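A, B, C and D label the chains in the order they appear, each numbered from 1.
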Amino acid sequence: MVFSEIVTKEKISLNDAILLEGLPGVGNVGKLAAMHLIEELNAKKCIEIYSSHFPPQVLIDDEGIVNLVNNELYYYNGKGKERDLLFLVGEYQGIDSPGQYDLCQTIISLVKEIGVTTIYTLGGYGLGKLVPEPRVLGAATSKEVVDSFKKAGVEFVDGEPGAGIVGASGLLLGLGKLQNIQGGCLMGETSGYMVDPKSASVVLKSLQKLLGVNINLSELEERAKQVDSITNQLKDIETNDKEDSPDMNYIG
Amino acid sequence: MVFSEIVTKEKISLNDAILLEGLPGVGNVGKLAAMHLIEELNAKKCIEIYSSHFPPQVLIDDEGIVNLVNNELYYYNGKGKERDLLFLVGEYQGIDSPGQYDLCQTIISLVKEIGVTTIYTLGGYGLGKLVPEPRVLGAATSKEVVDSFKKAGVEFVDGEPGAGIVGASGLLLGLGKLQNIQGGCLMGETSGYMVDPKSASVVLKSLQKLLGVNINLSELEERAKQVDSITNQLKDIETNDKEDSPDMNYIG
Amino acid sequence: MVFSEIVTKEKISLNDAILLEGLPGVGNVGKLAAMHLIEELNAKKCIEIYSSHFPPQVLIDDEGIVNLVNNELYYYNGKGKERDLLFLVGEYQGIDSPGQYDLCQTIISLVKEIGVTTIYTLGGYGLGKLVPEPRVLGAATSKEVVDSFKKAGVEFVDGEPGAGIVGASGLLLGLGKLQNIQGGCLMGETSGYMVDPKSASVVLKSLQKLLGVNINLSELEERAKQVDSITNQLKDIETNDKEDSPDMNYIG
Amino acid sequence: MVFSEIVTKEKISLNDAILLEGLPGVGNVGKLAAMHLIEELNAKKCIEIYSSHFPPQVLIDDEGIVNLVNNELYYYNGKGKERDLLFLVGEYQGIDSPGQYDLCQTIISLVKEIGVTTIYTLGGYGLGKLVPEPRVLGAATSKEVVDSFKKAGVEFVDGEPGAGIVGASGLLLGLGKLQNIQGGCLMGETSGYMVDPKSASVVLKSLQKLLGVNINLSELEERAKQVDSITNQLKDIETNDKEDSPDMNYIG
């Protein structure tokens, strides 16, 4: 009953590689960060994952060509001391709980075979309010990863996120831990109200230190400025509204 | 756990055939178009598909006879240069996402064996407003099909439909593409508020050119006129209401 | 993953038997009718059906003893010209669509082996308003059953029920038809607002004629009178309210 | 498609043991009672149960370490005449109905093999109002267990709980009964509005008598006093509000 198809675009083998998960989530922080990294590192697509755990839907590209909803893996061969990287991205996560488990199990098997030994998941941590200076919060499968994250400026706040981590960012770590794959989650603080390139940018700054790669963040930071500018305009309008009509609350 | 039964009413084999999908959807455009074509071409039922992915329900015909909800295939042997056709119609699509995948996979296997090499799916593209002159939008599995659709007057608008195509009309193409079956979707613009024979009629006009068949559309066009007439009466009433009570908005 | 257990309390074999389904539904008409028949005919329990398609729940009897939610079969050996009967009753139907299909398939296999050749399903037809003189509407798997139902006073109204028959009452007929088991559904008209013994009673009157059994309906009719009495009191109160405050609608 | 993993932390074998279920539920009464018992008896973790029937989620401990959502078994070797105990606890029950069945079946198989012959499930019985002196209500798989519960001060009220017992507390008994495992449920009355240590404490008092163990309840009773104190303050505020503004209802 479950449909699943793994399409191998390029057969690859990596060495002691890190899987970087950047599927859609709060503020799309993880997706933005992973997509930016794929572009900057010029990572190449190697695998497409199709599954009935995704919505029954095709997306249409600019040429009018349909493509079934999927998740995709991109790889990057580390230069010098850099570790090999594998990226997990896509338009959707599994649509229900058993589907999430099934997909994450499939992906872990797949990436282990390719040579992945560590999993970093990237996501947003929604605060429900504007975050002028977002921090990067962490969680990890072991004390060692916690320590390495702390050295990269990732903060660990006791009891946060209180609800744990839901979805692929949590499940890949939890299921990976059961299979002795170490890893951790980098969560950029975000309002959760909109796509948040600033949060993605601070996540990437921590990731740079962790991975020892140098990434040009100017494009993301430019987009972050644009979002900031729009947000500030909205705040100004709101403030002016209040100043111009001081009696409104009294009357209303 | 999954119940599935294929009942073969007539054993058939087609040659380089086109599957035309017309299951219920927005404005029932695809269903209206496919049912009209079945009637005009006098296509014959060959297969019934029963599945626990459909609602647990029987329908009752005019004689009081119950029939389990299903999907059905009708065939038409092309005359002269016409290609053979197979129609997929029914009262329901699969009721959930894994069910949609499972049914579409079953149907693709089934029709491939019968001789289908191309899939055209028919549907409506809901605009959320009245559409006096509906266009036919397209999406396809390959550049070749896009070009053939354009020659038949089908329009490709960059980034539309933005949400892609959900349900059997999308999935049959997406899953078919993974199995090297080419195809495309014809979407008649429609308000989405009601069953729309005018939109079905424009879809059929494009389809005539694609298939090289000649179809009498007078019945559909008659129904389209009736719907137009009712819509106009409703608009008149609405307009008069507004004119007769100019102060309502002021007072209210 | 699917849990299913058939517990045989008494091993039985019937001859050309009729399955009478009376699971919960609109107005609990089918359940009331089947339970009344079981009591009047002193039918005996032979099989318990447990399944993960039922709610994860135990019921507690008057002694404080828990019993897992199930469906049960009761049998009655026909006397003289009477046909053997098997009753399907329970507190719940399957909780989702695939579960309904799975349970009905299981039940059909089970009862065929016991000797069932005909299925009559009993239910209510909700009208959304009080029904002083409920009729019994029918639907069936074949012209022959339609004719036999008509002779028993069952009415066939063109296009009713428009939505067909949902749940076990429909599915047992639809799936049975695919396996060449004939049958039909008897639907007592009911408001659908409350448990309706009057509707159950008219269904049983039709059933008596169909089965050629004589059933004492006095208890059901007594309960029907009580429900009528309460309904009339409620109507009186409502009417008086309106009479005492004649201006309410005018003012409001 | 279903993911399930049993991780054995310590291989154990018990003798004629009792399983005590304390998963989350109404007022978290069962969970509080079981966790208190685990602590007081210094029971040790022996098994972790992972399953795709739990939410796709990791929890984060105080060190920032992620752990996949699971259920856990703790054991206690009875001293002298005490029976061996096995505890079932966790942060979640199965998230849907088939998942509940599947997990409970898995757990019953597992604990039977370890040596469990009796199942006591612990829960809350929500009354929807404050309960100054909560009673412990019972339900059981047999007359014998009912009698033993009554001797321990557990009350059986005819027709309560009217809705039966939903979830693991009911299902473990119902499925266990089908496998000839006896057992019963202890339900502490609770408002259902908040976590209720007082209700957990009265459940444990009954359990002490049933198990013949001596448990220090002072910590739970201290927490119960704190909750009582807060509740009383809230009631005072509410009462004062009403007294200070006697006309509010009149005016409003």
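Basically, contacts are C-beta pairs under 8 Å (C-beta built on N, C-alpha and C of every residue); 3 or more make two chains touch, one makes a residue touch a chain.
Only a predicted model underlies this, so the values are computations on that prediction, with no experimental measurement involved.
**Student:** What is the size of the turn, to the nearest 5°, that moves the C-alpha atoms of subunit C onto the matching ones in subunit D?
**Tutor:** 90
**Student:** Farthest from subunit B in C-alpha centre terms, which chain would that be?
**Tutor:** D
**Student:** Taking shared residue numbers divided by all residue numbers at the interface, is the value for subunit A and subunit D over half (same) or under half (different)?
**Tutor:** The interface of subunit A with subunit D is built from mostly unshared positions.
**Student:** I'd like to verify one number: the distance from the centre of subunit A to the centre of subunit B, where each centre is the average of its C-alpha atoms, in whole angstrom.
**Tutor:** 38
**Student:** Nearest whole angstrom, what separates the Cα centre of subunit B from the Cα centre of subunit D?
**Tutor:** One centre to the other, that is 53 Å.
**Student:** Two or more other chains in contact with one residue: find those residues in subunit B.
**Tutor:** Answer for subunit B, listing residues that touch two or more other chains: 1-2.
**Student:** Name, in rising order, each residue of subunit A that touches subunit B in their complex.
**Tutor:** The touching residues are 1-3, 5, 7, 50, 52-60, 62-69, 95.
**Student:** State the interface residues of subunit A toward subunit D in the complex, per the touch definition above.
**Tutor:** Spelled out, the residues of subunit A in touch with subunit D are 1-2, 94, 97-98, 100-102, 104-105, 138-143, 146, 156, 158-161, 163-168, 170-171, 173-175, 177-178, 185.
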